[in-house]
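What follows is a single structure, written as structure tokens, with notes after it.
First chain written, first letter: the chains are A, B, C and D, and each begins at residue 1.
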Amino acid sequence: MIVGKLKDVNEIKDSLPDDLDSLLIAGCGSCVSVSLAGGEREAESLKNLLDFYYQTNNQEVSIETETIKRQCDDEFLDELELAIARNKIVLSLACGVGVQHLAIKYPDKIILPGLDTTFYGRTSDIGEWEEMCHGCGKCILDQFAGVCPVARCSKSLLNGPCGGSQDGICEVDDDIDCGWQKIYDRAEELGQLEKLLDFDFPKDWSTHKDGGVRSHKDPEFFQE
Amino acid sequence: MAGSPKYELAWIGDKVETDFKDIQISAKDLVACQGEVGDFILTCNDRNNPAKIEAANIIINLPYQEEPVIEGADSLLNDNYYLKDDEPAIIVQDYPDLSPAFISKVALKRSLEIKNNYPDQEVYYLYQAMRFLEDNDRLYEEARKAGIVFLKFDIGQLTVSEDLKLSYEREDIELELAGTILAAPELKPADQTERLARIFNLVDGYQDYLQLDNIYLQPTQSGRRGVYLLRGSRGPTALTYYKEELDFTLGEIAKNLTGVNEIDDYERTIDDQKCIVCYTCYRVCPHGAIQRDDELNSMKIMELACQGCNLCISRCPTSAIEIDHDYFTEADSEDKTNLIICENSAEIAAEKYNSMTGEEPLSGFKEIVVPCVSTVERKNIIQLLASNSADIMVLGCVAEACKHLTGHDRCQQVIDRIKEDLEKLDLNKDRVHYQRLSPRMATDLGGFLADWKEAVIQ
Amino acid sequence: MTRIGVIGGGIAGSTVSVELAEAGFEITLFEKAGEIGGQVSEFGCKATDICTRCNLCLVDSVFNQLNQDSKIKINKGHQVIDSYKENDSFTLYCEEDGNEKVYKGFDRIVLATGYRRWSELETGTPEIFTDQRIIWSGEFEEMLFKRRDYLQNKDLELDIDFKPESAYFIQCNGSRSPQEKAAYCSRVCCGYNYRIARVLRENYPELELGIFFIDMQESGFLTDLSFQKLIDEEIKYFNCKPLRINKRDEQIEIAYEDQAAGEMKKVKTDLLILSEGIHPGKENELWSKLFNLQLNSDGFLEEINPGRETGVYLAGTVSGPGDIATTISKSKAVANKIIAAEKEVVI
Amino acid sequence: MAEYISKLQQLLEEGEFVVCSEMGPPIGADPDFIRKKADFLKGYVDAVNITDNQTAIVRMSSIAAAKIAADEGLEMIIQATGRDRNRIGIQSDLLGASALGLRNVLCLTGDHQCFGMDEGAKNVFDLDSVSMLSAARSMVDDGILLNGKEMDFPPKLFLGGAANPFADPFELHMMKVEKKVEVGMEFIQTQAIYNLEKFDRWMEEVRRRGIHEKCYIMAGILPTKSVKALRMMKKHVAGMDVPDEIIERMDRAEDKKEEGVRMAVDIIEHVRKIEGVRGIHLMPVAWEEITPRVVEEAGLYPRPEVSER
């Protein structure tokens, strides 16, 4: 799922204009709720906090919150229509997709991001997520025993580990596991060690964003 | 589950003969556990058991894993050992670390058994501390009378070489002993423990055992009602009181079978429209009281299993869980300091202080009593901060005496995050305080609140 | 409606009463003292930077439930002096400040009259009771009960008018000592005194601390107590019982035989703390006669045939030493047996 | 092949035990900085590595600095890392280097930018060391670029790569060295050696796989005079294996400088005896001026003259 982290509350406040008088905080009920960053509870807590801040600095600001199932589909955005009409500024707690979708749908409104969207990740523990995929557009997991070198090696190396990994730890940071140690362990388990370095490099990055901003048409709706 | 017989008790691992209608499932074959006390549904994949088994109570009873401490020596715990007739028998316990009391019982019986099977055999018994259990202080006297040589060693006074030569050095004696060594193995958590913790959704145990080190779980409870733990699944000293623990557990099951009622009488419902099945409530619940409802594709709170700590409500990202009660009723506008107290520690301590001194320690504060400080959400604290200029003191429990096992830590996390946010907005973070105490700190609490009242209120 | 007579209002009797009341039984609790609570009511919390799991926190909720439950009748100041059983119904004769009271019609009796501390006995060493530098570990409870050190972080107020620089514990007084006709081990004092040593260490970091063990016992749910831990926490330990205690000017001198070195050694201390073994209660002999129970060689009571048949159950330390945790869990087990017997669920 | 690509290749082909060293270009544009360093190395080493933004710290470009040093008469080895340029940039650099007469190149994956002062920089890693070597090989041998385009004037390059005898998993790293040889690596410069036992075992495995017959192996030597540097390398430099006895030995020594030189010379003497080691690569950290003395005391001075080809 898409994982995100709520921005520091002072960053959010600083992104709001000083003469702010009304604000809509739009929560998103899907991925960023699952990753505990932008759901209804976060929207409400953020409202409480900002209310308290403005109250302490005796600034009249009316803040309302509204959380919809997803901010990446028009139909759900319709549910925000009235609330958006009441406010000049919308703080979206959706991932980057939701923020921009709102911006497309309401060109005259200032749409501010409340989250720092980070990666596609798995939940590794309660309240902890790990990056698993970069969306490179050409999956090569079959050749690396189910462990992606692009996403889980800090240098996306495709021909084995760099010289810096030690005891399965990445040279960049002790908290990061060396992706190639994981590839090696799993390949060894599955008996796929020999063909591990048979990847016909270099990788074609044109399927990634490097190949230009991407869109995708489902063939069952569009004939060439 | 029409048709399949409902068992009163399901044993996971080893079984003990009882009069309950029970079934035995091996830990390896167990795949999943749904439901709550009185109505568990166990899924397992082994030929001689049906796939779905319905049971009212569950006992996880697995043996310890034994790790030999001396390479090549026999284990004290296995009965078939072989003594060469010209060599002495050397019993070793507490090496390198102290063995549980149960081991000294086994060791004493073993020493007596060897003495009368091999009367002219020299028997040495090396130990750091003779731990007593039931009648084995008599066994100790008997063993000494039977001529068994007891050698007490302290840390560092006993070393064993690769070729099983024992050297026992004290300032006054130096002994080299060679012979058949029967050593007490180190007892490790049962195999499959980690897997079972996942299957039963139990809070991480102490030293990788299944039971968290918490007084409310003693002796064999698991934090999840109806699921009990024995021996190698429960904890390091589970063999010392094995008889009492088994007796207690079977007694609890007998009582459960006469009917189990809800612990908490507030109504908690999960709105299946808002629930996104993110499993946060499932993971955060200390009592394994939440599971997924397949038809509704939403999480569901199991009434009998729920023990009312409200952690699920305070951590649900979509605010999908409602309760028909508001602990934080309208905060009155008066500038009274807000005191959020847990009913298991601060409230009892305050009552005790009152009964001892006649004074009301909580008077002058706005008292908010919660079943556990894990009920406290960020919005509660911020709304209180906004409602008047008074401080907020949250009084939770000391760690190992928290009835809801993790409530004290969850509250600490909420409070720490609020303080960080307040600081980032240059708001006064020192208005929020969190203290942990036990119900027996009455005078301490009384004095503390009195001093605090002077400092804060006037 | 089954009526249960519970003799003894300590933690054991109260636990059984609360559990049975919850299961719908009618309880009459007899407590000879003026107040409910027994030994543990005066115990204080021993938490330092960590909670040492003495299980005292469980006690208060039991007593609160006891006082709030209407189905439990509490007769304070009632000393049970006689009992009579006639076709499965017990009559209890009590004495309440001088006059006799009779209570009839109990289907089952639970004996939970607890134990005596060694300090409550008058043994042959009177001067121990007067010297201010020698205290019972039990006397610590009042200090801990009125503690102000945890939340108010003040120094623990010791009820002695001097600040000790050293404190030594001697284990195995009152039990595991044949001369007091108590050869058994109480198995609670080692864990108990270690907890007190931790509190002293927390409040007086520079304090010189030492404990004399015969054998350090496992201490219930304090699973990590070991010699290595004592070393880590700078608590000296000696694996022998001292031979003599002499009073030298202001300090107490402990003479002991250091087996490792094979010679006599002495150590001086400002404060000497004597551990208190668990001694059988005074009335155990009476109960064995009145309720046809076995008095074992240590002076504790044992059932001859099970409570199911005799209607008489034993709960708590009346049947042998035990810490708070095992007392509570064993008492719950007794209650469960009574519930099961009542509902013909045989365990 | 009579015609040698580079002097270094010729020395190795003629069986000499080569001595390479290393020079860090300046954080700035001063050409004299290079010339001064080149001066005191002349005659003591056969070839000099010139690093490419080592530890991701911005420095003068490896090729430019190498050209300046080459004009002073030194045989240079340029370095190319995959961190800062994609496949287009790297191939164009190789062409330029060859045109400038710089004929030795060390293809490296490159340190992560977190080690430098520009952690915010976007890294590339389009090519890693293996793909870089493969691209360079086909440029030199077949005169074609990665995209298949034929070149009118192919570059002449003697290709080298790095290897870390102490990294784990041992098997995977060995597979990677074999892969590099397979795609065309002609010489190896190893990570700095302090753990001789592990290096012996690595060389044993190298010989067993016949790698030492397919490419020339130079042992990395890192002379240092400070205990602090040794401890820092043990803990913080990824992939370094500094045994405790080495640190204690340096700690005990009164004259750290002397001990540093003797330690380097001891290691050199040890590695010279190992079958398959065809030279050493001196990479002193913050002590570049010691190289001549180490070369002399290791009995590797004077360096052999190369007959004009």
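What we mean here is this: a contact is a pair of C-beta atoms (placed from the backbone, for glycine too) under 8 Å apart; a residue touches a chain by one contact, two chains touch by 3 or more.
Source: prediction; values computed, not measured.
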Ask   = How many hops, at fewest, get you from subunit A to subunit D via touching chains?
value = 1
Ask   = Starting at subunit A, how many touch steps does it take at minimum to reach subunit C?
value = 2
Task = Report the chain whose mean Cα position is at the greatest distance from that of subunit D.
result = C
Task = Report which of B-C and A-B is connected by more C-beta pairs in contact.
result = B-C
Ask   = Between subunit B and subunit C, what is the separation of their C-alpha centroids in Å?
value = 24
Remark   = Expressed in whole Å, how far the mean CA point of subunit B lies from that of subunit D is 57
Remark   = Per the C-alpha centroid definition, the whole-Å distance linking subunit C and subunit D comes out as 75
Task = Return the distance between the CA-based centres of subunit A and subunit B, expressed in whole Å.
result = 38
Query = With chains as vertices joined when they touch, what's the shape: line, ring, star, complete or other?
reply = line
Task = Return all touching chain pairs.
result = A-B, A-D, B-C
Task = Would you pull the subunit B residues touching subunit C in the complex into a rising list?
result = 18-19, 97-98, 100-101, 128-133, 137, 152, 154-155, 157, 170-172, 206-207, 213-216, 218-219, 235-237, 240-241, 244-245, 247-248, 250-252, 254-255, 257-258, 344-345, 348, 351-352, 397-401, 435, 437-445, 447-448, 451
Remark   = Per the touch rule above, subunit B residues touching subunit A in the complex are 274, 276, 278-280, 283-284, 316-319, 377-379, 382-383, 385-386, 421, 424-425, 427
Request  = Name, in rising order, each residue of subunit A that touches subunit B in their complex.
outcome  = 8-10, 13, 29-30, 33-34, 36, 39-42, 44-45, 48-49, 51-53, 55-56, 67, 123, 126
In the complex with subunit D, residue positions of subunit A that touch it = 154-168, 171-173, 180-181, 184, 193, 196-197, 201-202, 205
Query = What residues on subunit D touch subunit A, complex-wise?
reply = 82-83, 87, 109-112, 114, 123, 125-131, 134-135, 146, 162-164, 167-169, 171-173, 175-176, 179, 191, 238-239
